[in-house]
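Shown next, in structure tokens, is the structure this report addresses.
Think of it as A, B, C and D in the order they're written, each chain with its own count starting at 1.
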Amino acid sequence: MSNTYGNIFKISTFGESHGKALGVVVDGCPAGIDFDELFIQQELERRKPGQSKITTHRKEADSFQVLSGVFEGKTTGTPIALVIFNEDQRSKDYSHIADKYRPSHADFTYTEKYGIRDYRGGGRSSARETAARVAAGALAKLYLKTLGIDVKAYVSQVGPIKLDKSYKELDLNTIEDNILRCPDQDKAAEMIELIDQTRKKQDTIGGIVTGLAFHVPVGLGEPVFDKLHAELGKAMLSINAVKGFEYGSGFDGVEMYGSEHNDEFYVEDGRVKTKTNFSGGIQGGISNGQDIYFRVAFKPVATIMKDQDSVNESGEAVTVSGKGRHDPCVVSRAVPIVEAMTALVLADMHLRNKSSKI
Amino acid sequence: MSNTYGNIFKISTFGESHGKALGVVVDGCPAGIDFDELFIQQELERRKPGQSKITTHRKEADSFQVLSGVFEGKTTGTPIALVIFNEDQRSKDYSHIADKYRPSHADFTYTEKYGIRDYRGGGRSSARETAARVAAGALAKLYLKTLGIDVKAYVSQVGPIKLDKSYKELDLNTIEDNILRCPDQDKAAEMIELIDQTRKKQDTIGGIVTGLAFHVPVGLGEPVFDKLHAELGKAMLSINAVKGFEYGSGFDGVEMYGSEHNDEFYVEDGRVKTKTNFSGGIQGGISNGQDIYFRVAFKPVATIMKDQDSVNESGEAVTVSGKGRHDPCVVSRAVPIVEAMTALVLADMHLRNKSSKI
Amino acid sequence: MSNTYGNIFKISTFGESHGKALGVVVDGCPAGIDFDELFIQQELERRKPGQSKITTHRKEADSFQVLSGVFEGKTTGTPIALVIFNEDQRSKDYSHIADKYRPSHADFTYTEKYGIRDYRGGGRSSARETAARVAAGALAKLYLKTLGIDVKAYVSQVGPIKLDKSYKELDLNTIEDNILRCPDQDKAAEMIELIDQTRKKQDTIGGIVTGLAFHVPVGLGEPVFDKLHAELGKAMLSINAVKGFEYGSGFDGVEMYGSEHNDEFYVEDGRVKTKTNFSGGIQGGISNGQDIYFRVAFKPVATIMKDQDSVNESGEAVTVSGKGRHDPCVVSRAVPIVEAMTALVLADMHLRNKSSKI
Amino acid sequence: MSNTYGNIFKISTFGESHGKALGVVVDGCPAGIDFDELFIQQELERRKPGQSKITTHRKEADSFQVLSGVFEGKTTGTPIALVIFNEDQRSKDYSHIADKYRPSHADFTYTEKYGIRDYRGGGRSSARETAARVAAGALAKLYLKTLGIDVKAYVSQVGPIKLDKSYKELDLNTIEDNILRCPDQDKAAEMIELIDQTRKKQDTIGGIVTGLAFHVPVGLGEPVFDKLHAELGKAMLSINAVKGFEYGSGFDGVEMYGSEHNDEFYVEDGRVKTKTNFSGGIQGGISNGQDIYFRVAFKPVATIMKDQDSVNESGEAVTVSGKGRHDPCVVSRAVPIVEAMTALVLADMHLRNKSSKI
């Protein structure tokens, strides 16, 4: 297992879906940051289930405790442990799938790899784990705030319904104006309708989250292996249900000619800028001062309410039946997770960049 | 900078495009592997420029030397240093761009980050660096061979021309039958024609490489951050010119319903298998024994022969003119690089998995 | 800060002396280990203050909670979080030293490095942090138990009073027979008397702990930098108040000739053994199957009850007065800490060794 | 194997005693350092064999090549590869010990761990590997020079002959005035005589090197595991033949009372200083601005010219006979190695400290 992310701003998460608690230890957070507990709690609220009719109805309070690393309202440079105790640990709900491998879940692979598996709600493989990332990401955002860096994300596609405007043409202040976190209110209504119908069909549907970072200084990213976009890609792909990542022109850039795709430089107000930004704010793996933008593809979540064929640990054919509540589409809740991971990558890269030159 | 990749099977690459030498130190390669020098040289040949009319004509011998870590034909468990001396170090060719920022190259970001830049052929940011990866990847392939794991890649798109068959419908033994490394001979001919025309237009075009791994045992991948696909994604995104990565159903999976996308389990010959494989052989970040497949998007390379607007280090407007030879499309040469990085990820993950259980 | 130790069996500790809680996340513990809660609690009891007249009288319950990573009595391969809530968080006791730099404490260096310091009981620099190490070390011992490896430590010197017998001449089963954890009952009585007098003088005194590991298989240790004794040395030197480390012949070996010091090999019962063991069970940085033994020097702890000259944060001359209770000699409580760190090093090295050869 | 040291200023060494070449890749050296090739060569000269009658007579040119990372006389922030080609690769000399385990060498442990061993001159376990460390350390010294930090070492004991003065009472400018690198000329003469006699006896003898660092700023060291002295200890213990490490009061501090040992603070010229320095310049694992001093114990080297009993790979009793030349005492050549490792630790810690606070 590797539950640690980051080189300097380093996080270690722990906890299972239905275990006693989830949490994270942040080791390497610089001292002197104003520790805004309210902000961290608000970020957790954005991720938690049961927020609206398009998310799972499972209720989780998700209130966190600070166990260490903060003194008189400031970070001290020592490790910061944040813990969220689970209120709901009813194991009995999961007895019906205890020895069954749910299709496209991690049940089979965890059992094979570890020889044992906490089957309650997916255990460690549950997306519940991302609560710890959001808490740590909120702390990273507080660090980025001291640098003027701004991280945002929004839903840009649900099933086949896509936004036809780029992030530049949208009013990003309206992201939180609907339950989907989509800054195009008309499209959002369509998407919400699709999700609601999908829920009624006891099914799930995928979607895309667009990630953004503004005012990132030039110089973040560590070639050749830890290029900024490579770390962003890894961070996004490490989120449950993510199947793809592209930045700047992405997969569409494949069809362009170099003469179209190259971003010509010019100088404005004494700063070097690019006329276009197919590079997505990253050149040679290093931020170039332009907006960073990328897209993250989420598959339809595997938990559906329909019956499915599968096998159990003994290799016998079984039927897996859905039970309880399910999340018809995760993208609205994925928005704060994408932001959190982006913030963690940028915070770590900002600290790493301090050693680039004498 | 971070020029080290891997946790156990760990590589550190070094070298600039026009410096004295390129190379790699592999630290953590298990002892006892038959060190097949010829095979490593062959892999380097597959990547080297000047192979055909669709690649750059720059000539590089790319013959490597083994400085350490091999004794009587076998790896000894000690670090293996492989070095490729550059034959061609003519700096004069680059004087015309010494202080200019070439559009969509790393000239600007390197200069800002490090305060200094080896401008000869892009220095460290040149794709020449990938020769070291291919050498290390060949060694990783030799390790995977002892395990029966097979890694392959091929060109599946150039500009707008795409293969309409999946890897299952293609004869992968024909990949090397054309200079493009595309296993559909008709499509390959079309793509080669497009690349040739692009070269004549002094321009470049993007493309997609499909990566594959067969016979991967169940259990590779280290959740929650080092999921197998997250590491594959990072590894691919760290290759020059890559803009996107998707595995299994990828971005297309977004439009599917969970009931379509879920891979139902069954048992055949005593092994647990899945009926479909939208998961791309990875569930919960861990290989499940099915084929691993993914796609890597390459943008059109930034070096074109046309004049472009830009600025120099003093912030003055300048014209950047192409000179010499250029690579109209990198995908044919990217195939061995994608394979190399895949092999490195799998070798490392195989070793990491040894600690999963008692 | 670096609060993470280990490469595969990796621990991250957190918590301040008078914060809400201390704890540790163990990431990389193999699945399938019987999680013996009682044993872990017993190990914590051995370290905790207030055990006897020769330790500090501060009362701490030191009972721990398991937040994650254990299911149905076994480790699951997921991160194991162990937390000890502090019962005693009275900040007022420390107001008298809030802005003073206590001599030979970390007050000055922490304030300079981080710009802020939790002054309550030394905050993060307090030896209270070692409780988390003991908990993690107990888990490492449970892993080593599955391998038959046995770790032990005992007090071999207090002030000028030394044992004149080697570990081979002592009955190690009697270590816990006295409050000092010294297997020579007569010497122990002398040492205890010295400590008691030191306490009455409101002073402190140093000592030496001898560490041992038996039945360690051949092959543990990763040259050239992570030699087994180098990691043991680092682990010991990372414990509060440690000033020196030596293994095998140690500093005394300096005065020997090679012809005396070399450990000649012979074969017994089909196993390669050494006639002498000046190597301390480690050759070339790798365990050779013989007993591992080493010595760890602890300085007199800095907290004394006498008045001392110092300065405060404003650079003014001040007097630092001792108050409350103090620990006249830490070696008895250091025994379980030395064992814990030894176990952590060996567990990590055992897992790392799995990748040495195909 | 772990041939990588450092977190930010990271080195990876490679090479066997009688392989093609030795070398090091330095990844993370900041850009902009004046790359003084002559200085690096001089440092290598200080370590190389054949310098004087008290070292081995094996001749090695030890001239190095820079393969990457330097441009127009400055470091560029990219990895710096330094290589020393071996001139002397005569394998035949070692046929007599090819399958024998030399006492107190790494022959047995390497064979067991890796299943294969380059027996020529000890292969990777040879102290020849330290040449790469000295080259990298010289680069670290060039970085420290930009910060005003000064690193020194000298021989303070050979066999039973010890200096009776502390580093403060010696003229450190005279260290290089004799072939032993001992700043007490009378004692040096005695020690040299002892070494010369030991050589004639075909034997070896141990010794102690004292390490020093001056003008180290406050704040270096990363508690709780990477305390400055813990990293120094690990670095020293990773050097061939080292059996012990102590800093500040070290093992002698054990016999002191806290009231004697504590270093009281005072202010002079606006700087916080300590009256005594039993702490050795490090408190709580962090440099406090005082002189750093420590001692490193070297055992007598294992290669002697006398016959010894041993076994071979088949477990048969054999006689190991010395042949050729040997190094009667390594301490004079160890001086630059101790300095190199000290410089590497301090360079890395200086870069790590940049992230301590906002």
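One rule holds for everything that comes next: contacts are C-beta pairs under 8 Å (C-beta built on N, C-alpha and C of every residue); 3 or more make two chains touch, one makes a residue touch a chain.
For each chain, UniProt lists the protein as follows: A, B, C, D = Chorismate synthase.
Keep in mind the model is a prediction, meaning the values are calculated, not measured.
The chain with its CA mean position farthest from that of chain A is D.
Computed centre separation for the pair chain B/chain C is 46 angstrom, with centres defined by C-alpha atoms.
Chain B and chain D have Cα centroids separated by 39 Å. Chain A and chain B have CA centres that are 26 Å apart.
Counting partners per residue, chain A has 1-4, 7, 13, 28, 31-32, 77, 110, 113-116, 124, 352, 356-357 as the residues that reach two or more other chains. Taken together, the touching pairs cover every possible pairing of the chains. Residues 1-5, 7, 13, 101, 103-106, 108-110, 112-116, 124-125, 129, 157, 159-160, 198, 201, 203-208, 218-219, 221-227, 229-231, 233-235, 237-238, 243-251, 253-267, 270, 272, 274-275, 278-280, 283-288, 297-304, 306, 308-311, 315-317, 352-353, 356-357 of chain C are the ones that touch chain D when the two sit in their complex.
Across the complex, chain A is touched by residues 7-9, 28, 30-33, 77, 143, 146, 351-352, 354-358 of chain D. Against chain A, the residues of chain C that register as touching in their complex are 1-4, 10, 12-16, 19-23, 25, 27-28, 31-32, 65-69, 71-72, 74, 76-81, 83, 113-118, 123-124.
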